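Input: structures, listed below.
Two complexes are shown next, each including chain A; its partner changes from chain B in the first to chain C in the second.
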Partner chain A sequence: MNKTGKSFHFGTWLRDNAVMLTFVLLTIAAIPLSAMKLTTIFFELASRISRNAFLILALILPIVAGMGINFAITIGAMGAQIALLLTLNWQIPGFSGIATAAAMTVPLAGFFGYLVGKLLNRMKGQEMIGSMILGYFANGLYQVLFLFVFGQLIPIANRDLTILGGKTGISNTLDLNKGVYAVKGGLDNLWKLPFGDALYIASGVVLFFMLITMIDMSRIPFLKKSKLAQPDDNAILVEDKSIAYKLKRRLPIAIIFIAACAVYQIPVVAQQFMMVRVPMVTAICIALLGLFNVVIMRTRLGQRFRAVGQSQTVANAAGINVNRTRLIAIILSTIFAGWGQLIYLQSLGIMQTYAAHESIGLYAGAAILVGGATIVRATNGQAILGCVLFHVLFVVAPKVGVNVFGDAAIGEFFRVFVSFGVIALALVLHGLRNRPYKPRDLRNEAGIPAAPKPAK
Partner chain B sequence: MTQDAAENKSSIGSSVKKALAKAGITRLIIFTFFIVLCIMADAAGISVPSMLGFTVKRAGMYGVMALAMLPAIQCGIGLNLGMTLGVLAGLVSTLLCIEYGLTGWPAFLFSAILGSVIALPVGYLYGKLLNKLKGSEMTVSTYVGFSIVSLLCVGWMLFPFKNNALTYALGPGLRPTHNMNTSYGALLNNFMAFRIGKMTIPTGMVAFFLLCCFGMWLFSRSKTGTAMIAAGSNPRFAEAAGINVDQMRMIGTILSTVIAAVGIVVYQQGYGFLQLYQAPRQMGFIAASAILIGGASVTKAKVSHVIIGVTLFQGLLTLGIQVANKYVPGGGMAEAFRIIISNGIILYALATSGGASRE
Partner chain C sequence: MGAECVLEFKNITKRYGTNTVLHDVSLSVKPGEIHALLGENGAGKSTLMNVLFGMPVIHESGGFSGEVFIDGNSVVVMSPHDAMAKGIGMVHQEFMLIPGFSITENIKLNREITHRNPVSAVLGDNLELMDMPAMRRDARKALDSVGMKSLDELALVKGLPVGYMQFVEIAREIDKTGIKILVFDEPTAVLTESEAKLLMEVMRSIAESGIAIIFITHRLDEVLTVADTVTVLRDGKLAATRQVQETSLIELASLMIGRTGSESVVDLPPREEALTGKIALKANDLFVEMPGEMVKGASFEVREGEIFGIGGLAGQGKVGIPNGILGTFPASGQVELFGEPLPLNDVRATLSKGVAMLSEDRRGVGLLLDQSIEDNIVFSAMQVHRRFLKGLLPRVKAAPPGKVLRSAVWALSVVLVLAGFFGLTRYQLAFNRSAAVKAYIAFQKQATAVVGEADIIIEDTASSADDVVLPSGGAAAALEEEEAEPVVSVFLSEKAADTLTPGEKILLFFANSAWAFLAAGLLLAAAMYAYQCMIKGSVTLKDTSGIRALSKQMIHDLDIRCTGSGQLVGTLSGGNQQKVCIARVLALTPKFLFVSEPTRGIDIGAKRLVLETLVRLNREQKLTIVMVSSELLELRSICDRIAIVAGGKVAGVFEPNANDADIGLAMSGITPERSGAV
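Entry: the complex of A and B
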């Protein structure tokens, strides 16, 4: 892969980021065609990002563990919706309602995740198609649950939630902003700030943490050795821990934040953000999940994720329980997806009982790929960048449809096409790059000679 | 099925298990379920014979599409969930047939033949792609299929069709559903159809389906067919025996795409409607479930699997929908029932033959 010479590196970079670059061009072309005001776009974008970023970040662990995009996050969302329905039934409003639902999501989604993981361990190499079909399958069970079990077998006291007193199950649409059980904005409305203030706070926090982490971690008493991965700790990737290395990696992030603050000082720029009000608690939740994704990679468990993702054979030889590691990655991802769905629903304020979860796997998966992730490598940065780019297109596509073709439906069809197309393109590019397909490549990586041709 | 036999633990039950394995566990479970549904339907006062008549009709409708899975599995690309590409070719040809105002047999032949002609280059390109992505065909083909379906959703809005029967009176685009009665609807169904009591047998359609099956059976006996099956079941061995595996996979993929194009034409004449936009997306799944229920795996399939599978699957759906509607009010349960069976069987096939055991 690696070729010598600077110009070739640029070519490699272009090819590796083909999906993302195509998307950037598409977005740049679409914004003027939509003829939308930037203030409107930013306003829409802020709510969409805060709604969806958590779900997209939930995809990272399974990717690192070598399981591709976990389309079964829909199942985590189903768990969250079961929890939310019970919360609505018990009439717990606002933040306490969301908190109750989030607490109940953990056992529900955790259990579902366990089942998903067990099944995916029987489909190694086919996890993506497996998790997608599993999502469809679970959707069938979910419909039985909401059409028949809730209301008839499990009584639902809150009459607003059912049709005909529960005879035909739960209503199609649940209004989360109604009655004494309103949970809309349970998280978002706790603390909202104008964009500028939020930007300053975020920059401050980021810079502060960067300074702190410059300190050698192993000198902090309670983090001593036990919790941190050691270089010889069945680690295949050993991280460089020198200050210079850290500085080199973190400086760009610091510069981005400082530059953003500086640019924001220009009145014209600041004006474009005047309608944006950032839901801080939601933003903190998203940041915490991002932090979790980083911190866990520093632990033994994280090293195992990475080792299994690199090569199951080598990981197995190093004494790692491959199946258990993959199981943990899926369970965590499913629980996070459940929380992500709660964030999504409380922000939207309405729950389409039978459809709200259906396409989250598709959109989250497409978004992370748009950000430059591949089905074997993904970072927080790619997830967030993908979230922004993907949702810009979502905001402007219907308007482009109206302006260019005279019909909003064209824009909507186009964005569905883009979602599927991005995933298909990423799969094809990955397949072309890694021929033969990953599971068969393991022998090579492990230094085991190829199997002899079977005699028959 | 040999793996099932190998897993036997007790020596006493082994002969019973062998017999079970020969009949196919999934097939037996589904068949038992089917019988139970028949009894439940009868108890609920639903006329079982007329339901069986519907079953035959629906089996004929979906049969050719399920048959499209056969060459795909045989040539080694696995479940061709991207056979929607062929389905789309059949849709385009039918739209052109309505646009030109053809009726009766010419309309049917025009659609089937033009659909196949369009499916040829599509299948060729699709096969080229799949040959470069060995090992991840199912995932890739699913998403390629999905993206082309959604791309054509944009296409249906933009294609310059003129016939008022097809387009919206106001605004751009084709209407999502079209009645086939003006072109070739129920053409095969009514051909030599007869009634036995409450059962109506659509002779023409069933005969056409069986004819296609016979054609595939003949092909699998031919030199090319044998080579294709060999390439699919053991590529390394086939390569050593001097078979061009890539070429055989191409033949299988193109054949699958072409049969899918004919399949959707047969489906439309039986169903009486042409559906555009998102409707073709699930066709691959329905076909895959049918052949798997019939006893196929993602690596092995026979013509008999198609015939048994499509009959059992459609029988299950026809009766299941009626019974579900009788016992549980509201329409959603029947759809949930379909989703669970259809995807459950694909999952089962993936779990039993996918992953490490495939090495």
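Entry: the complex of A and C
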């Protein structure tokens, strides 16, 4: 949308992508050290990406709206877990179980998001720490709810869910693959395809939509857009409609998909993916959220998100209700996080009642930063790239720990260290980039050629 | 006047508490007229515009009296959005643009052109998709009409020259439908000369299309070039309204500044001896990057023993000068103090050379509000000159070999600590891999197996433990201690030392004495630290009695009204806080004093006292003072000379009794060529 005559500075690019590049190097170094087969890595990776990508994409809206990483997605996940528990109690199995839980997540997570948003509006500038602490606070309430309220005040008929089959408290681990109400794979198992087929379908869909959008809609009579969009006679914007212009903008993506399909034809490459089976419905959900993130930015609401994110003062002066816009961003993010947690749980097949939600904010935040996002700017691409890089490291780190240090635990420590480290690094870089006083050349601005040397 | 005026203010009076900031101001603007609004800071221009835009600050402080008419109808504007709806637009002084947005997006911000779609039909028009081509067309049209024909409407605002942003702002206001009145708030402050010229043309063409323009400025020449009518405000009162053809630069300047009579704030005692004329401070080509108060090449000289005033309008750079010289904001240029070059950007060095500053920002950098009066008074002196401190440890002189020896001892302590850590950790790894240890561990496993069998035997036969077959010698002893001690150290202490290699013997030594090494290293370091503190005298306590004596003296001298020197500064009144600031500066025993806006926000009685104090310091202690103030009257009453700063440069230096018109011209950046300038 923005065409700028920016020239490419390698140094700037390097600095802006420092976090991502460090991680790429780390990953490249770690894969051989782990001595794992690529088939295994890809297999693990496919399930981890399908589990986590939705959660990471849920972070984008608040970042765009200038609220940083929404660590309060933890609270959305709690909402989802409440919904899932009720579904298990009512013994709704499979996809219908997940769908029920997803539907109930909307009011629950939406309400929590509203409360979070209200609070964050009162602590502008401290949203990240605010949402993180809020997550810990909410965890206390969550424990009261699950240890006492469920069973005592809200009856739980399904005694598989309570501690020792008693009346009080939900057990520590819920097996989602047990009994008639099993919801494990409620989405994943609906439709699974080998990697190759999934790739072909994805490429086909992307290319098809590219072709569609290249057709000039205004030429087709019954598809005419609103009256305002009618080009008038002295339209200046010819290039916007020309096929060549559209082709130029869409070509890179098309090339990536075609190239991917072509490379996949090489038997050795295809072999590495032989164990991967893509859960298509989950993948479609992820793609839809990605699409939503793009499309919303082209609406009036999206424009408000971006405006508020860049300058609350200016947005306010333009008559935008800043607080309301921020509230909407947080509510949406919290609901998406709830859905993301459902996807995660149905894929995993087991719910650690008191731990499953605890560190998702941290890991999702770290992942999106690894992808090259900052706490003020994030895109779908960065979220997906971050998801891939971060989880490659997660898969290989224990093995590297065994091979290099003789202890798998060191690998585990390392990945926790990396998660926090990445967030800290991103914050430091952000701080460096936004120093209050940037050196300015006043003499230049005043039109004086060069600074005279101070007299000795 | 009826409907021929698009905007009319009638008898507007606005009070903040007891302070009247607008007094019975009336003015009217016709469609297509460019009406300039002229006045010093605090003359009431902003308040008048706040009334026009219905800013919350007006309504929250009790509203105003008088009436505003738009198109002949009496209106009360309740909020800025309301103003927008009534057709009043504003071109802001600070740009209200979003840097990361394209020009089009900025122009159409919150007024986006959108299409309906099925989702938005259900969930509200916020989800309508933007129609970028239509928005671009509108933006293009608006840009063309402000003369920016070559500017790409899709360029990001971020990369634009500052001047262009001003035009984007104007384009945005023009693009709003139904705009009747457009307010330009000092639009030329950031423009180059040619851009300013273009702006004048654009303003003319906007006015010709029937929009009324209110042009707030302090540049008199621009008023004469572009405006039709000019209204001068002074001290919240209407000074005059003139047709531009009927007035002149000189008249406007003196209208803007003019004071009735020459009442002085304080009585000036005469000097005992005349000034020597020696130069105390010489600044040449000084640049200071103080946001909002940029100094761009100021040069001036201050004579020893004088009170030198620096005046000028807000944002022109007068406050930047003392801040730059002191080093609180990045500065460049040459500054000489009493003939010596003064290092810039180094507050500590400047302070230690005897320069002190009374900051304009009392609450921000001036005072520690939750500390006592005495602590505030001595704070800077303690930090800069290390006064009011008593040594806790006896001071010693450094021994002759000094630095080299001390460095060596430091190094030794570091080595000892490292050796300790090495002994604690590293050797174990090494031993785990050594052949001797492997053999031992293998042996031990074997022994355990035997013991295990033996245990069963014991149970079965109920015989004594002596019957158990054990491996012979030291290994047996080791076995008994096995559970209490880690494998390796048992082995090292009990197993015959003669089976070890020399390398292993060294490791053994480190292993056994690791804790001794660590302790020795840490003790040595602690002792060295204490010794260095004694040399430097850096372990100190406050000299409470000395501080109290000085505080008492200051409280008496400056007449600080308080319950005692221990009272918290935050609980004092504004005037008394300012006196504490002065006391603190005096505790530095300065040779050269900068005073920045010393009377801001304090009442008239306290003002007089502060000024009198400054004069007394000047006369009695021969202290050279540079006083920066927005209040010309104050400067005129105590200064020997007054420099007027405009556009970051010194526009002229005047005698305190200089002509109003000259000072007014200097304030708008025109250096007067007539008499009066020194």
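The working rule: the second predicted complex is superposed on the first by the 388 of 456 C-alpha atoms of A that agree within 3 Å, B and C clash if a C-alpha of one lies under 4 Å from a C-alpha of the other, contacts with A are read in each partner's own complex, and residues count from 1 in each chain.
By our rule, a residue touches a chain if its C-beta (ideal position, glycine included) is under 8 Å from a C-beta of that chain, and two chains touch if they have at least 3 such contacts.
Just so it is clear, the structure is predicted and the values come from calculations on it, not from any experiment.
Student: On the A-aligned overlay, A:R159 touches which partner chain: chain B = first, chain C = second, or both, or neither?
Tutor: Neither chain B nor chain C is touched by A:R159.
Student: Looking at the overlay, what does A:I410 touch: chain B (first), chain C (second), both, or neither?
Tutor: First partner only.
Student: Touch test for A:Q310: chain B only (first), chain C only (second), both, or neither?
Tutor: Only chain C is touched by A:Q310; chain B is not.
Student: May I ask you to decide whether A:A318 touches chain B, chain C, both, or neither, giving the answer as first, second, both or neither?
Tutor: After superposition on chain A, A:A318 lies in contact with chain C alone.
Student: Which partner chains sit in contact with A:R122 here, chain B, chain C, both or neither? Use first/second/both/neither.
Tutor: Touch status of A:R122: first partner only.
Student: By the touch definition at the top of the document, which applies to A:L427: first (chain B), second (chain C), both, or neither?
Tutor: first
Student: Look at A:G140 in the shared chain and tell me whether it touches chain B only, chain C only, both, or neither; answer first, second, both or neither.
Tutor: In the superposition, A:G140 contacts chain B only.
Student: For chain A, give the residues common to its interface with chain B and its interface with chain C.
Tutor: The overlap between the chain B and chain C interfaces on chain A comprises residues 437, 439-440, 454, 456.
Student: For chain B, which residues are in contact with chain A within the complex?
Tutor: Residues of chain B touching chain A: 81, 129, 132-136, 138-140, 142-144, 146-147, 149-151, 153-154, 157-158, 171-173, 234, 236-237, 240, 277, 285, 328-330, 332-333, 335-340, 343-344, 346-347, 350-352, 354-356, 358-359.
Student: Within their complex, state which residues of chain A touch chain B.
Tutor: 119, 121-126, 128-130, 132-134, 136-137, 139-141, 143-144, 147-148, 167-169, 354, 405-407, 409-410, 413-414, 416-417, 419-421, 423-424, 427-428, 431-432, 435-440, 453-454, 456
Student: Given the complex with chain C, which residues does chain A contribute to the contact?
Tutor: For this pair, the touching residues of chain A are 1-4, 6, 225-226, 228-229, 231-232, 235-237, 240, 295-296, 298-301, 303-304, 306-307, 310-311, 313-315, 317-320, 437, 439-440, 442-443, 445-446, 448, 451-452, 454-456.
Student: Across the complex, what residues on chain C touch chain A?
Tutor: Touching chain A from chain C are residues 80-81, 84, 92, 96-102, 105, 109-116, 120, 125-134, 136-137, 140, 152, 154-156, 159, 285, 287, 289, 291, 294, 296-297, 330, 332-334, 341, 344, 648.
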